[in-house]
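Remarks on the structure that follows.
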Amino acid sequence: MTREEIQSAIFELLKKTAPDTDPTSLKPDENIREALNIDSFDALQFLVALNEKLGIDIPEEDYGKTATLGSLTDYLEEKSQ
Amino acid sequence: MSETIKITYREALKAGIREALFNDERVFLMGEDVGRYGGAFAVSKGLLEEFGEDRIMDVPLSEAGFVGAGIGASLAGLKPIVEVMTVNFAMLPMDQIANNAATLLHMSGGQLNVPVVIRMSAGIGKQLAAQHSHSWEPLFAHIPGLIVVSVGTHEDARGMLSTALNSPDPVIIFEYTSMLNMEAEIPADSGPTDISRAKIRREGKDISIITYGIGVYKALEAAKRLSEQGIDAEVIDLRVLRPLDEDCFIKSVSKTHRALLVEEAWSTINVSSEVSARIMEKAFYELDAPVKRLGGIEVPIPYPLHLENASVPQVEDIENAVIKILRP
Amino acid sequence: MTEFLMPSLGADMEAGTLVEWKKKPGDQLKPGDIIAEVETQKGLIEIEVFEAGILEDYLIEEGDKVPVGAPMAKLKSEGTPGKIPEKDSETHPIQEKEQATESEGPVPSDSISEETSSKEKSSEEKHRIKASPLARSIAEKNNVDLTSLTGTGEGGAITKADVEQAMAGEKETPKQSPETTAVKDTVEKKAEQETPSKQVMEPPAPSSKPGQQESIRAAVAAAMSRSNREIPHYYLEKKIDMLAAMSWLKDTNRQREISGRLLPAVLFIKAVAKAIDSTPALNAVWDNGLQLKNEVNIGFVISLRAGGLLVPAIRNADTKNVDEIMTALNDMIPRARALKLRSSELSDSTITITSLGENGAEKVFGVIYPPQVAIVGFGSIVNEPLVHDGMLAVRPVLHVTLAGDHRATDGLTGSRFLEALNNHLQNPEKL
Amino acid sequence: METKDKLSAEKAEKLLYQLLLMRKFEEKSAELYTKEKIRGFLHLYIGEEAVATGVIQALKPEDNVLGTYREHAHALARDVDAGAIMAEMYGKQEGCSRGRGGSMHIFDKEKNFFGGSAIVGGHLPLATGMALASKKLKKDNITVCFFGEGAAAEGIFHEALNLASLWKVPVLFVCENNLYAMGTALRFSHAVQEIEKKGQAYGIESKAVDGMDLLKVMAAANKAVEQVRNSGEPYLLVCNTYRFRAHSMFDAELYRKKSEVEKWKKRDPIPKFRKYLLKENLISETQLQEMEERLETEIQKAVDFAEAGTWEAKEELTRFVYSENPES
């Protein structure tokens, strides 16, 4: 999976989670949940959806690595290898 | 103005009488037991010693007689303060009040003034039963020619009398026995208060509670409680029951669009009936809810405390009535 | 025959607008069937039938707004009679209709005459609209048709506020014009949102209407104002050491697929449900006195992205295990966000929980949702120095508050509850 | 009688003129009543003129006079303008009470004439009060209050007399005992029919006099007025008299016999006084002739004045309920 594919999946799922926002405008080092105002439940749902779409499991201890668009993309890219 | 003094309603009334006696030689107080006894409710205690028998006149139990004499004395240049011990005895001099005091100016085509002031203690609250618990303000407020005022606050207790004595027309002042021991802060330099205007005692935007007399402090307390519940009630002290200061309450109702009328007098044909009618006539299109009255229950006032309390609106009743109007 | 009435879904619901009939005349109905979708101050709500029967006829049309208790449809009852026993409901449906109506006396026996009489009634109602003089004059000046309004004043009279609300609503009616406000835009997008959970990946829900979000806001405002007005609140606060609970949660989640993982909120809900055991007076409603509730239905505050709150109930939370509670949340939250909750879910709560999650404020002092008598507030979990076993240590700390209705309980009860809650959270494995 | 000797020709002529003016003025009034020029109640004093004339002649201008609803003669005796009285009875705004009072409410403040009171006994305490004012203000004027024997059955009579005596105030109560309270004879009203005894019961000096004889009334009144003025204490003068005409215009007089009226008419005070003057040479036939003409003229003038009078504008209806110049 390319980095672009991963990012577009992230954007798609974020858009579903927070339809009133524009995830594509996120800066790489911006905290996703803060920027898009996503609560813990939606955050979990987002990760569940990511898991389903990309088949990548994110253990709870790795949640910290998924905070920004950059780190999440990096993390998923790495895991998808 | 900034300095205040703590004073009972009784002391405030007395201060008003004392000041009036000081300021004008023509003023004298006459009434049953006002002198040697010190006043049935100790309002005039000590005044006899201070001003002498000529100014503080004990009179026999002749309500019609001495009220008539007071009216006569006022025709002939004096400024009498006539005390009818309680309103309960006021049917005896009613002829003098209704047929003489109220009519002489008119019958004489404007020639005769009747600058008499008649004070009466009124209201319930002391378990005095049916014959001694009357709220007869409406009976007097019915009569054109009289100025009928109601002392609902300490400031007015202190200040209404001297203004009333300056009136060329007869003034009936209602004071309230149950408030005599009540303490309140008033400005130390509190002086004469107006007797022609109602007063907004508390501003609010949600509803106008229109009342007088004992109802004033009750309504203010209810308004305080209501404010804790997010309801902003305006409290109007009518103060003068005749001629009514219509402007004040019409303006208020036009602002709040709702009105609760509170008084202790029996509801049928009371002051609230008149206020209500005027609201219908003058502010109908401003109303967003039916005008409600909270008056005395239609029963001779019974003796037991719990029944007595149930006979007139209490703070909780006012509070509940307001909530019912605002949240039907 | 019975009438299906606009249900009351909450103490503060006064009227509802029929958005869509979900059943057609002639359809067989069984208890639990969704008969219609109704828009309320709180949003679009599916309403259920509680008795079996046949939908005979509609009495109102889609788009009509009627007060609570107004007839919406005629039903032919089956089995147990409805709340209002009717002669013909005791015998058998359809064929006996004529006979049954005849037996009702002077009313002509055919359905046409029934229709006529109901028409007459409605036209009479039109002439006798109850509205305050002020409401009338404002309506007249602004060309508001009073017949279309439902009054919230005394005896259902239309008040100034009702007319103004209608005027505000009308302004929004023009559909999708480019100038529509940001708020409305948000609302509509929200309504079309697809929820991210597995089973709910559906086409956009057509249900939400402009103004719905505002009416939710208004409903929240009304409920909170009422609470503030009527309920003498007392507040208690307790710091809870969350080390044990968080560790347990971490261990549990580590062993689970992501879709099976638990949120701290599940522990809160379960702990509250258990703590109530010792203080049943908090699981109650105040309606001219305290009325204890047998079921523990925990209302969980869900904030909507565009503002406003919905508080669906997790039914019988005391009998559900943590996984079942998580499942319930997974089901409910997306539906709440899509404004697709069922009526009963919104009206059943017996106590409410509000949790601001990990990024929120440290403490939340809730406002009781009437007629309930308590709300438990969970702040975010923060690391704080805490004396533990006589030593000062930095530990994850949760500030829990209880707002209680002082008419119903006092601080002692509340205190006992918080202590019990603490105990349960110290033993997460037993939850 | 001691006053006989003091009666000057000038005063004699004036008194006779007054008596005749009262009589003719009222006869004219009765005629005008039948022509509907005068409405309401019209109570005529015909037959009793010696009382008002005899008492009022004893007064100073600064003394106060209060009358009943049968008070035209008293007003005339007090020199209230006949035209103003007639206009008042017409209801014209040129009337002495601007037409607001009518026959029963003649007021003229300038002449210290205080009505005109139509509630039986209602004005008695006013008189006591006015006298009280004179005392307190240390004025040397006195107050005279006319009332009928019917009023002596009212409680207020007793209160007013008791207060006046108790307070020692300069008031002369004049009871015009014409034997009938409307249609109820004295003997059906009073257990003790000597009204003077009722004054004595309150410690008030009380005398009865033949009210059909002007000279006797004058003598008694002069003495009473002098005593009141000197002592500052009340006095009750009962004048036994009789009204020749009905109680008011609409009265079938079922309560008394024609013969009784005829008998009393033989004691008519006017011919009696005229006879006396002629006999004593206090007046001449020519003067009498000339007096008749003057009377005709004065009465015609009064009627013309009333006829020419104007109606008060409806817009002014609510005037004189309260003072228009509150600074007074």
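For clarity, chains are labelled A, B, C and D in written order, and residue numbers in each chain start from 1.
Here is the rule we go by: a residue touches a chain if its C-beta (ideal position, glycine included) is under 8 Å from a C-beta of that chain, and two chains touch if they have at least 3 such contacts.
Note that this is a predicted model, so its numbers are computed, not measured.
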Pair with more cross-chain C-beta pairs in contact, given B-D and A-C: B-D
Longest centre-to-centre distance from chain C, chain (CA-based): D
Closest chain to the centre of mass proxy, which here is the mean CA position: B
Length of the line joining the C-alpha centres of chain A and chain B, rounded to whole Å: 75
Centre-to-centre distance between chain D and chain B (centres being mean Cα positions), rounded to whole Å: 40
Whole-Å gap between the CA centroids of chain A and chain D: 112
CA centroid of chain A to CA centroid of chain C, Å: 32
Chain-level touch network, classified as line, ring, star, complete or other: line
Those chain pairs that satisfy the touch definition: A-C, B-C, B-D
Chain B residues within the chain D interface of the complex: 26, 28, 54, 59-60, 62, 64-78, 80, 95-96, 99-100, 104-113, 144-145, 147, 167-169, 243
Residues of chain D defined as touching chain B within the complex: 64, 95-101, 105, 107-109, 114-117, 119, 122-134, 136-137, 143, 155-156, 159-160, 162-163, 166, 319-326, 328
Footprint of chain B on chain C - complex, ascending: 132-137, 152-155, 157, 159-161, 225-226, 228-230
Residues of chain B touching chain C in the complex: 229-231, 257, 284-290, 323, 325, 327-328
Interface residues, chain C side, partner chain A - complex: 186, 189-190, 192-198, 250, 253-254, 257-259, 261, 263-265, 303, 305-306, 329-330, 333-334, 357-359
